[in-house]
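Lettered A, B, C, D, E and F in written order, each chain numbered from 1.
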Amino acid sequence: MHSKRSFIVEDLRKAQLANLLTQGKRLDGRSLLDYRDLKIETNLISKAEGSAKVSLGNTQAIAGVKVEIDEPFPDTPDQGILIVNAEILPLASPYAEPGPPDEEAIELARVVDRGIRASDMINLKNLCLIEGKKVYTIFVDVSILNVDGNLFDATSYAVVSSLLTTKIPKYEVKDGEIKQVDEKISLSFDTIPISVTLGKIGNTLIVDPDQEEEALMDARLTLAVDSDDNIVAGQKGGAGSFSYDEVIRATEIARLKGKEIRSKIKEVLGIG
Amino acid sequence: MKMGKLINEEGLRVDGRRVDELRPIKIEVGILKNADGSAYIEMGKNKIVVAVYGPKEVHPKHMSLPDKCLLRCRYHMSPFSTDVRKNPAPSRREIEISKVVKEALESALILYDYPRTAIEIYMEVLQSDGGSRCAAITAASVALSDAGINMRDLVVACAVGKADGMIILDPNDIEDKEGEADMPLAIMPNLNQLTLLQIEGKFTKEEFEKAFNLALEGCRKIHHIQKKALMLKYFGKVEE
Amino acid sequence: MHSKRSFIVEDLRKAQLANLLTQGKRLDGRSLLDYRDLKIETNLISKAEGSAKVSLGNTQAIAGVKVEIDEPFPDTPDQGILIVNAEILPLASPYAEPGPPDEEAIELARVVDRGIRASDMINLKNLCLIEGKKVYTIFVDVSILNVDGNLFDATSYAVVSSLLTTKIPKYEVKDGEIKQVDEKISLSFDTIPISVTLGKIGNTLIVDPDQEEEALMDARLTLAVDSDDNIVAGQKGGAGSFSYDEVIRATEIARLKGKEIRSKIKEVLGIG
Amino acid sequence: MKMGKLINEEGLRVDGRRVDELRPIKIEVGILKNADGSAYIEMGKNKIVVAVYGPKEVHPKHMSLPDKCLLRCRYHMSPFSTDVRKNPAPSRREIEISKVVKEALESALILYDYPRTAIEIYMEVLQSDGGSRCAAITAASVALSDAGINMRDLVVACAVGKADGMIILDPNDIEDKEGEADMPLAIMPNLNQLTLLQIEGKFTKEEFEKAFNLALEGCRKIHHIQKKALMLKYFGKVEE
Amino acid sequence: MHSKRSFIVEDLRKAQLANLLTQGKRLDGRSLLDYRDLKIETNLISKAEGSAKVSLGNTQAIAGVKVEIDEPFPDTPDQGILIVNAEILPLASPYAEPGPPDEEAIELARVVDRGIRASDMINLKNLCLIEGKKVYTIFVDVSILNVDGNLFDATSYAVVSSLLTTKIPKYEVKDGEIKQVDEKISLSFDTIPISVTLGKIGNTLIVDPDQEEEALMDARLTLAVDSDDNIVAGQKGGAGSFSYDEVIRATEIARLKGKEIRSKIKEVLGIG
Amino acid sequence: MKMGKLINEEGLRVDGRRVDELRPIKIEVGILKNADGSAYIEMGKNKIVVAVYGPKEVHPKHMSLPDKCLLRCRYHMSPFSTDVRKNPAPSRREIEISKVVKEALESALILYDYPRTAIEIYMEVLQSDGGSRCAAITAASVALSDAGINMRDLVVACAVGKADGMIILDPNDIEDKEGEADMPLAIMPNLNQLTLLQIEGKFTKEEFEKAFNLALEGCRKIHHIQKKALMLKYFGKVEE
C-alpha cells in the first residue's frame, strides 16, 4: 500500500515508469501485455448457490450467487432475472469508506453486469418457470476484499467463475404451481465473456494495471470478449483520451488476452 | 433485443433514414440567463438543456484541489422525459453516465488553468431518445465554450448501433431498444482523439471497425453544427 | 445574475429601491402592480400527455404531465389521483444544489399543488374508471430552469397551462376490465385558478417580485383566485409581517391581477 | 370535502360548540428540565410539547450568521399522535409546517440581538387534532419567553374554517377533514401584525373578511391564556 | 443540565464521586442501590390504544401503542407482530440532534424490544386472527422527552406500562373474513419483565445512573428479569469491563430491584 | 423458539457435538495486503475477514479527540452470507453489533497512547453461522495485535445457549434459531474481565451461573487458538 505522495515524488515515479515502458518493462517487472498471477477458488461459501474468490496479484474479490423465485419484470415475462452487484468493502483499502456506493462502485457494478449480460452468457429464457408468474432471480454480489488496481477484471472473473460453478435448486411445474425437487442443476452456458482492461500511460498501452499504474495512467479501456472473439462490451474511463489506432489495437489485445484468460479459467474450474 | 423489422427492403429505417444518416440536429447557445454558459440541443426527439457554472469557489472548501480545477458533472432526466414517468431521484444509470460524460469532457479541458476552483456542468434531459448521452456531451462542450472556459478542442459525440444485422448511425429509441448492439463514442475532432467509448452488444471484428469509422464520420458532421451554433451566437451569422 | 453583495451595497440598494417605491416605481421600471412579460409555449414534450414552458421575465419553468392507471387511495375509492411536484434544477441558479428537495422546494411544490387542488380545477371523480380498482393518476412535474424570483406564480402557470392542454388516453370499461381506446381526450375544467404573489417592501405592496426584490423584501403573500373571484389558497412567507389592512388589500389585488392573467393564459392557449 | 351534517339545527357543532367558540385551552410553562425554555399546550385534543434551546453555539460553524441569530425550527408528530400510526421520519407536510412556523415566530424575534448564535425550537405533537400548527405556534412563543429570548410581542395563532357553508372558529379534526375550507393564521396581538397565513379551500370575498376577523378575535382570546400561563410560572398567581 | 466541562473539572468531579461512593453515597444523596423517583401516568393519548408517560427522576419517556391489522411474517404465520421503537427527541437534550436514529438510539430500541420479546410477556399467538392472513401488529413507539440518564429503564417501564393498559379493537372471524366488533379487549400477560440498569464506577456498582453518573462511569449492565426471577435479557455497554463476580452480583441486584419496581408499577396501574 | 429435538438421547447435538464442545476453529493472521493488521477466522460455518487500519489521521478532522484515539468499528454481513440474500445496506442489527463489539474491544485498547488519531476495525462476515459476533471479536483482537496496536490483553468471545432445556456451548445456526436462549460474551482472559455480555431468552439463577462458567471455559480454549495463530505468523512455528 502506498501512502499519499507529494507531487514531486509522484512526478519522479512517473518519469521512472515512462522510462521503463520505453524498454517494454513495468515497475513490477512485468512486460506490457502480462497479467499478474490469477488465482481462483470456488465453492467456499456453502450457503451460496455458487461462489468464487479471485486474486489478481494483490487485488482480491469474492463473488457469491444467491437464487430466489420471483415474478418476472412486466416487459420480459418469459425471462429470468440476473442482477450483478459490486461493493468495494471499507476493509479493502485505506481510502475506501463505509456508506452507499459512490460513482466508482456504481460504474464497476454496471460495467461488469453489462459484460455478462451483453454476451448472452446466460440465457435468461431458461430461467423462466411459469411465464409471467415465476422466474429465477440470480443475484451475483461481489465484494472487493483488497484493492490493488484493475477491479474491473478481477470482479468480472469472480462473477464468471461463480456462475460457472453455480448449482440452483430445481423446480417442477405442475398444474400451474411450482414445487422444489430434491436436485440441483447447473446453469447452461453458450459462451464465456472475458473482461480485458488496458491502461494508457503516455503513448503506451498496458494490460491489467495495478494500483500504482492506475494512479499514474492517463486513461483506461475495458473490453469484454466472448468465446467467438466478438467484442460484447466496452467502457472507456479516465480523463485522458485514445487515438483511433490505439482503440483498434486495444481490441486486438483484448481478443488475444481474452482467449488466454478464458483457457486459464476453464482449466482451473475443470471445464471442457 | 429481438430481431424486428427495423430496416425495410429499400434499406430505410423506421424513421425513414438511411443506415448512415443522422437525425435532424439543432443547437442553440446561451439560452439561460443565470448560467455562465449554456446550450440547448435537439437531436431527434432528444431535447436537452445544459448549463455551465464556473470557474467558481468550491463548496465544501476541503474538496478544492491545490493545482487544478474540480470538475463536476450531473446528467439528469426530467420525470416527464421518458415513456413511463421517471422517478426524479438520480438512478444508477444517471450516476454512471454523469461519470463517463465528465471524463469525456475533461480530456478537452485545461483544468490546470483554474486551480482551487470548480466548474459545474448540469445536463437536463427534457425529452429523451436514443443517444441522449451523446447529445448531452455535444451540447455541454458548446456550453463550456459559451462560458469562456479554456479548451483544447470541442468534444462531439455520436452513437452507432446494429439493427437487423446492419451497422446503423445514430440509433433512435426504438433501434436502441430492439437493436442488437449500441456503441456511443465521443471525440475531439481536431485532435483526432477518442474521449468516450461504451459498447453493449456483439460486434465482430469487421463490424466493430465499420461501426467505429461510421461513428467518427457522424461526429465530424455534428462538429460542423456545433461550430455554426457558436458562430451564430458570437458573430451573428454563419458563413458557409 | 447578481453576485453576493456586501452589507453596505445591499443597504444602499435597499434605500434606492425604497425611494423608487415612494414614487410608485421599481428598479426595472415596472409600476407596483405590473407583472413581467409572461410567455407560454405548450406541447413541446411529445412524450408527455401535456406540457408547458412558462417564462415570467427571466424566471423559466417547464411542466410535463404523465398519466398512469393505478389503484385509488383507499379513502377515496371513486376519485382519480393528482400529484403536483416541483424541483429547482441545479442548472437554474448558482445557488441551487443537486440533492433531495430542501424546505423551499417542498413549500413551492405543496403551495402550487394546493392552489390547483383546492380550486377543484380538476374534478377527480371524472378520473375514476372502476371504483376502488382503476383510476387515472395524473403526475404534473415542474422543473425550474432559470431562477429570477416569483417561482410560485411561474410554476403555477406552468401547471395550469400544461393541464389545460393535456390529452389523456381514453379507456373503455367492459366486464370489469379496462381497455385502452385509440382516442385521446382532454380533461374537463370548471374553473382556472390563478396564483398571484405579492411582496411587501417597507409599507409598499408589489406583485411578481423578481429575484433582487425578493432579496430585499420583508414578506411574501401568495393567493390563488378562481374564475369566480373566490380565494382558494394562500400562503404567507418570509420573516416579516402584514398589517390586517394589507391582507385585505392583497386579496383585492389578487382578484384584479388574477382576472388579467387568466385572460392572458386563455388567449395564449386559445381557450374560449 | 363532503357536505356532512357538521352543524346541527341549533347551530351547534359536532363537539357541541357554537360557531365562534374556541375549544378548551391549557398552557403550562417550563415543563422540561433540559431545555432553556419550554411549554406544553392542550387545545382540544392537541397535546404539544415545545422546547427552546439557545442562544447557543452554531453547529456546523460555517452556518452561523455574522450579524444575527440563526433560527431553527422543527415541527414533528409522534408516531402515536394520529389516527393511523405515522412514520417517524419527517414528512413533506412537517417540513413545510416547520418552515412557515419558523417564519411566523421570526417576525417577533429580535435576531440581531444574538449574532453568531442559534436558537432552536422543537415542537413535538404528542396528539394531533385540527389546528395543531396554530397550537404549536402559540406554545412556542410562550416557550421563547420562558427562555428569556428578546421578543417584540408574543405570537398567537388560531384557525378558522368553513363547514356546511358557515364560518367556524378553531376547527377540530373532523371539521378540518370534512369541512370546505381551512385558514390558519398567526398574529402579534399588540402590534396588530399578521405573521402566518395559509388558506386552503374556497372563500368568497365576504366569507374571507368574516373568517379573517373571527380568527383575529380567536387569537386575542388565546393571547389572554398565554399571558396567564406566563404570569403563573413567574409570579405564582394570576390577577384577573 | 450541565454544560460541557473541562477535563480538570471533570477529574475533580470524578474524585468527589469516588470518595462519596466509598461511603456508600452518591452525588444526589441516594445510596448505591436506590432508584430515583418513578412516576407513571397512563391513557393520556386517547388516539393511541395505550399510552404511558414515565418519569425516572428527570428522565422522561412517553410511549404510545398503535394497532393495525396486517399479514403475518411468512416464517411465523400463526403469530401477531410486536414492534418496539424508541426515539430520543431533539427537544430532550442540548446534545440530541434531529435526523435518523444513531447507534445509541438503535441500541436503546433493540435492547428494550428484546427485554419484552424474550420474556414472552405478550403471547404473539394470541394476536393471530386468521393464520397466514390476518394478525394484529402492535407498534409501541417511545419518545424520550427529557434526558437525564438511564434511558434503558425509563423506556422499558414506559413500554411495559403502555402495554399493560392497552385496549385493542376486537375482531370476529366469519367465513374467512374479519369484522370489527364494537368492543375493546386488553392484551393478556403471563409475566412482567423489568429492566434494571447498573453502572460501574471504579469498583462500585450502582443502579439507575443519572446523566452525570453516566458521564463518569466505566461500564453499564442492563438486565431484564421476569416475574419468576429469571434473567430474560441483558446488555453490557460502555468501554469498561466487569469482573466475573460483579456480573453474578449484578444478577442478584437485578432480581431484587426488579421485584421492587414490578410491585410499584402494578400498584400504580392497579393490577392484582 | 420451538422445542425441537436439538439434543438426542445420547446427549449429542444436531452436528454431533457434546453440549460442552466447541465447533472447529481456524484463525489466520495477516491475510490482507492493504490493511495494517488483518485476520481470518472460521468457526463452524462462520467465515469472517477482519481488517484494522490505524492509528491514522481522523476524517473529518473535527471528530478527532485531543487526548485519545477515536475507535471506529463496522460489523457487516455480505449479501451471500445468509440463507436468504441480505440487503447490502447496514441493518439495525448490524449497527447494534458494531457498537457492542467496539465496546468489547475498547476495554483492551490503550487509546490514550494514540491521541488525535483513529483506529478503524472492519469485520466482514462472508458466511454466517451462530455466534458470528463472537467469532468477529475473537478475530478482531488478533488483527489488532497484527497491526501492532497496544493492548492490555487479547479479547476472546464465545456464546452459550439453551436447547431442549440444556445449557450448550457455542450454539450453531439451528440451535440459535430453535433454541430457547442465547448469551454471547467476551472476556480479557488474562485480566479475568468481561467486556461483552448480551442475553436473550430465559435463564434461571442456576442456569445462568452454569452457562456463564461454561462460556468462560469456551473462551479460554479459543484464547489458546488465538495465541497459536499469532505465534505462527510471527515466529513461524507453534510450540505446544
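Just so it is clear, a residue touches a chain if its C-beta (ideal position, glycine included) is under 8 Å from a C-beta of that chain, and two chains touch if they have at least 3 such contacts.
All values derive from a computational prediction rather than experimental measurement.
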Shared chain contacts [chain B and chain F, defined touch]: A
Required minimum of steps from chain A to chain E, each step between chains that touch: 2
Far-end chain from chain D, centres as C-alpha averages: A
Gap in Å, rounded to a whole number, between the CA centres of chain F and chain D: 52
Cα-centroid distance, chain B relative to chain C, in whole angstrom: 32
Whole-Å gap separating chain C and chain F, where each centre is the average of the chain's CA atoms: 58
Going from chain E towards chain F, every chain in order around the ring: E, F, A, B, C, D
Contact footprint of chain E on chain F as seen in their complex: 67, 92-93, 95-96, 98-100, 103, 106-107, 181, 183, 188, 191-205, 208-209, 212, 216
Contacting residues of chain F [partner chain A, same complex]: 32-35, 38, 45, 47, 49-51, 53, 56, 74, 76, 78-85, 88-90, 120, 122, 124, 126-128
Chain B contact footprint on chain C (complex, rising order): 1, 44-48, 51, 58, 60, 62-66, 68, 85, 87, 89-94, 98, 100, 139, 141, 143, 145-148
Contact set on chain A toward chain B in their complex: 7, 103-104, 106-107, 109-110, 114, 118-119, 219, 221, 223, 226, 229-244, 246-248, 251, 255
